[in-house]
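In order of appearance the chains are A, B, C, D, E, F, G and H, and numbering begins at 1 in each one.
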Amino acid sequence: MELTVYLAGQIHDDWRREIKSKADEKQLPLTFVGPQENHARSDDIGENILGEQPGQVARDDAASSINNFRTRVLLNKADAVIAYFGESYKQWNTAMDAGAAVQAGRPLILIRPESLVHPLKELSNQADVTVETIDQAVEVLSYIYE
Amino acid sequence: MELTVYLAGQIHDDWRREIKSKADEKQLPLTFVGPQENHARSDDIGENILGEQPGQVARDDAASSINNFRTRVLLNKADAVIAYFGESYKQWNTAMDAGAAVQAGRPLILIRPESLVHPLKELSNQADVTVETIDQAVEVLSYIYE
Amino acid sequence: MELTVYLAGQIHDDWRREIKSKADEKQLPLTFVGPQENHARSDDIGENILGEQPGQVARDDAASSINNFRTRVLLNKADAVIAYFGESYKQWNTAMDAGAAVQAGRPLILIRPESLVHPLKELSNQADVTVETIDQAVEVLSYIYE
Amino acid sequence: MELTVYLAGQIHDDWRREIKSKADEKQLPLTFVGPQENHARSDDIGENILGEQPGQVARDDAASSINNFRTRVLLNKADAVIAYFGESYKQWNTAMDAGAAVQAGRPLILIRPESLVHPLKELSNQADVTVETIDQAVEVLSYIYE
Amino acid sequence: MELTVYLAGQIHDDWRREIKSKADEKQLPLTFVGPQENHARSDDIGENILGEQPGQVARDDAASSINNFRTRVLLNKADAVIAYFGESYKQWNTAMDAGAAVQAGRPLILIRPESLVHPLKELSNQADVTVETIDQAVEVLSYIYE
Amino acid sequence: MELTVYLAGQIHDDWRREIKSKADEKQLPLTFVGPQENHARSDDIGENILGEQPGQVARDDAASSINNFRTRVLLNKADAVIAYFGESYKQWNTAMDAGAAVQAGRPLILIRPESLVHPLKELSNQADVTVETIDQAVEVLSYIYE
Amino acid sequence: MELTVYLAGQIHDDWRREIKSKADEKQLPLTFVGPQENHARSDDIGENILGEQPGQVARDDAASSINNFRTRVLLNKADAVIAYFGESYKQWNTAMDAGAAVQAGRPLILIRPESLVHPLKELSNQADVTVETIDQAVEVLSYIYE
Amino acid sequence: MELTVYLAGQIHDDWRREIKSKADEKQLPLTFVGPQENHARSDDIGENILGEQPGQVARDDAASSINNFRTRVLLNKADAVIAYFGESYKQWNTAMDAGAAVQAGRPLILIRPESLVHPLKELSNQADVTVETIDQAVEVLSYIYE
């Protein structure tokens, strides 16, 4: 049974590559999708496609509309969602996507370090599973196929 | 036509009182609901009701389960949601509630300072209306009744 | 049994007043809701609340976000929708609201003049009832209570 | 990941061919669907299948019932919708389909010329992305696969 | 707790009056709704409101569009549905409404005589409760309040 | 694009074979599903699987539970539904399935002879398309692929 | 804000009265609903209304159809659900109702003694809040109104 | 037509193997999914993945979160559900999954021995089909393909 997993979270390091590579090692029949991971491309995509915008607010709105379009198309196709939180960055998109996933009935795995137990307690409680590491998240996905 | 509005956001200052008082001045037939605003009570509610828990993780999970129960009951009754972001605090609950509100088809007003335009650009783009002040949010609610 | 009816359509003349007055004459327990009918206010609402915007596109987007917020809140409360088309104006909002109403399972009455039979044939076919006059639409609403 | 895109809009010129050809150039794994593009066939389909109808209203209703059936089957299969507006024609079907797509949770790209910014402002605000050209719309679709 | 019950079934005799009167005797806080019970009015309603139609098919379609509009508005408000079958009449509307009620998650009571056990076996199996008499149906409604 | 079509209707003659054969001739990529067409098997299936039942009512209920299970599984997979009415038989299952299909958002084609225009007028008005012959229904399906 | 709470659980002792009385003491604006609590009436209701049935299976099926009808009507009206488990009885209805409540998006409080932690661990994990006593459940309900 | 069937029930003996083997014999194009059947693994999975937990309650909650995640992912993919009850074990998960399946619109087959007719009467009444043996359940699945 092939499943699609949406990877919500910051795009500043290559945590998604790590998940994919570990799932590949286990030969899990999973397709991973997620947001644009090239940060500059993600910020510039509005002006890249629509041309120069009148000011920063318009520039950000243009980019976010295209990023959100991508996210909605892919989230609709996902059988499960992983939301990954680290100690850096605001990560409001991650929390917003996690809230949307829960509301849409998509099973959700939360990855967060022990240091974030308290500020993420409500989100953790809404997630189906909370883990601390990428390895643990991959083991949870792998458990579906045991 | 009476409407119910859920006020998502941090509970460290009394921004909700300001919204309610300004809506009262305009005599809008609105009922405002939201999370527990007493921060200590919100953090302690798990142990207050269930007794001492074995460690901080269990304590946080107990509190969050009761806070989430309250939020879900009230969000289900809401005709619209306001999500309020400031420059302090992590505010992941606010983002999570905003994502859930959009997914559940609840019209959403985002209040955020100009300084947060960029990090909140995707959330702003998903909201129905984005404003910068509480006064503006109340004017948007008031506009429903014109 | 009290019902709420959303009145979708242009805001250039006072057709809504005519519906309301005829429903009042029949003493139907109906609440009518709809968009802002003051055209200038509807176009200006973005800048009225949010202040001057950088150019016409931003100005229109600000206004439309607040108009859409109002429409979504009220459409969610409606038990039925009337979409009114005349021979003037583009009326794309009316068609968009009609499509949304059908998709959301809200029973829909279409009012359109005979001259628009052909261009509105698909919309008419999706509506629950198509009539040509306001009097006929009020009679359809009245029939619910016979 | 293969996706299906519904192309809503007028059927008087061959804009759909342009989208398809540009998506082919980029080798995007997209299937495009849409309404009957042969205008005469679209208008005649009722009588073509059901035989002569008693008058123009019945003839139009017969055609539209079959056109709507086709649209509903295909819209149900679509992962995203493009609504294309130009300066000619009434395009009420396009607006109706766009409203239905938004309500049904289908991500929506709006293509419209700058001249239509004002009359399409509410529809643009409801769309996930608004662009001005077919090239831009194809770039948005292509961005899903980056 | 006040509840609304939609009464689906033929409109040739006054079985609805019997249900209402028996529920009144038991002082149940129920509101009963249903289709137009004046058969001539139900058949004529299209032409009564829209004027003479070009032939019997158009006349029937006009009437049914208004009857269906009424049914959909009222079925949306119903907390439960009673479908009543007797030995006369085709009663296809009753079966259609029953199928719609089950699909929409409205609890359904089927009333049918013993003679119709076999032809109504699939519909009976889909209903929540099947009874043979109006008295029994009223007792089932009354049981909600014990 | 492959589509699945559920064929609701009586099982006393081989109208389904005719539809399938005509769709095959046109090489339409359609999968047709429907109820058990062997009438004796359909009536006996309860006792065939569960053993002798205590009386006719229990026997019918056992059969119908298995027939309904099959119908629900297959209707869930269908992209469109055809409901076929003829002049014989009670056909309440057909009407119930048609009502369920409309409520579940499945596009519906009704086939009925001219003699049934009046008694099926509400069902016809709820269907997406109404035709009189199997040939016409196949042409409507074929039109999706033009 | 008035809320309705469905009380799922065994009907062998008067735990519901205890909840109601404690909520009354706190003057909470709650309406409690639930199954028939008179055990004999609950078992006999099928034959009480429908007359003698042919054997125990039919007798049980008749009773359960009427009990389920009542449960579905009331669960549809509930803003929250409490599922109460004790150490006696099979309590499969309680578990079934809890599963249905979670799936239907009704916030759920589970009450269960410490001795049942292990066998109820999956159900507890799906519930919004798990407590051990009736007092604690009432405190959770009361917390909504703080 | 390939279908996926979720097998809910206890994991103490190999009843699932029996279903799979009998479906294989009949060459039915079915994929069976279900919970982790290794009981120790199911109980230990929380600590296996997340490491030692502080006490039995936390240990159980960790395991159940991962078991529930698996169940939700697989139940979302299922076209039908079989719930199997025997005379041993508490089987509350089975009842909870059955309630969820019914609420989610998944057709449900209940397998239960005659000795459990009375305590499972409400669950049986909600199931689409109730049988007593695995052979009968497989025959019901096979009937879909006749």
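Points worth noting:
Just so we're on the same page, a residue touches a chain if its C-beta (ideal position, glycine included) is under 8 Å from a C-beta of that chain, and two chains touch if they have at least 3 such contacts.
Values in this document were obtained by computation on a predicted structure and should not be read as measured data.
In summary, the chains found to touch both subunit E and subunit H are F, G.
A rotation of 180 degrees, rounded to a multiple of 5, brings the CA atoms of subunit G into register with those of subunit H.
At the interface between subunit E and subunit F, over half of the residue numbers appear on both sides, which makes the contact a same-residue one. Of all chains, the one whose mean C-alpha position sits at the greatest distance from that of subunit G is D. Subunit D and subunit G have Cα centroids lying 49 Å from one another.
A separation of 39 Å divides the Cα centre of subunit B from that of subunit H.
The multi-chain contact residues of subunit C, meaning those touching 2 or more other chains, are 57, 65, 68. Chain pairs that touch one another are A-B, A-C, A-D, A-H, B-C, B-G, B-H, C-D, C-E, D-E, D-F, E-F, E-G, F-G, F-H, G-H.
Across the interface of their complex, subunit F is touched by residues 54-55, 57-58 of subunit G. Contacts from subunit E toward subunit F in the complex involve residues 56-57, 60-61, 63-65, 67-68, 71, 85, 90-104, 117-126.
On the side of subunit A, the complex with subunit D involves touching residues 4, 31, 33, 36, 38, 41, 45, 48-50, 65-66, 68-70, 72-74, 76-77. Taken together, the subunit A residues at the contact with subunit H in this complex read 1, 3, 79-80, 105, 107, 109, 128-132, 136, 139-140, 143-144, 146.
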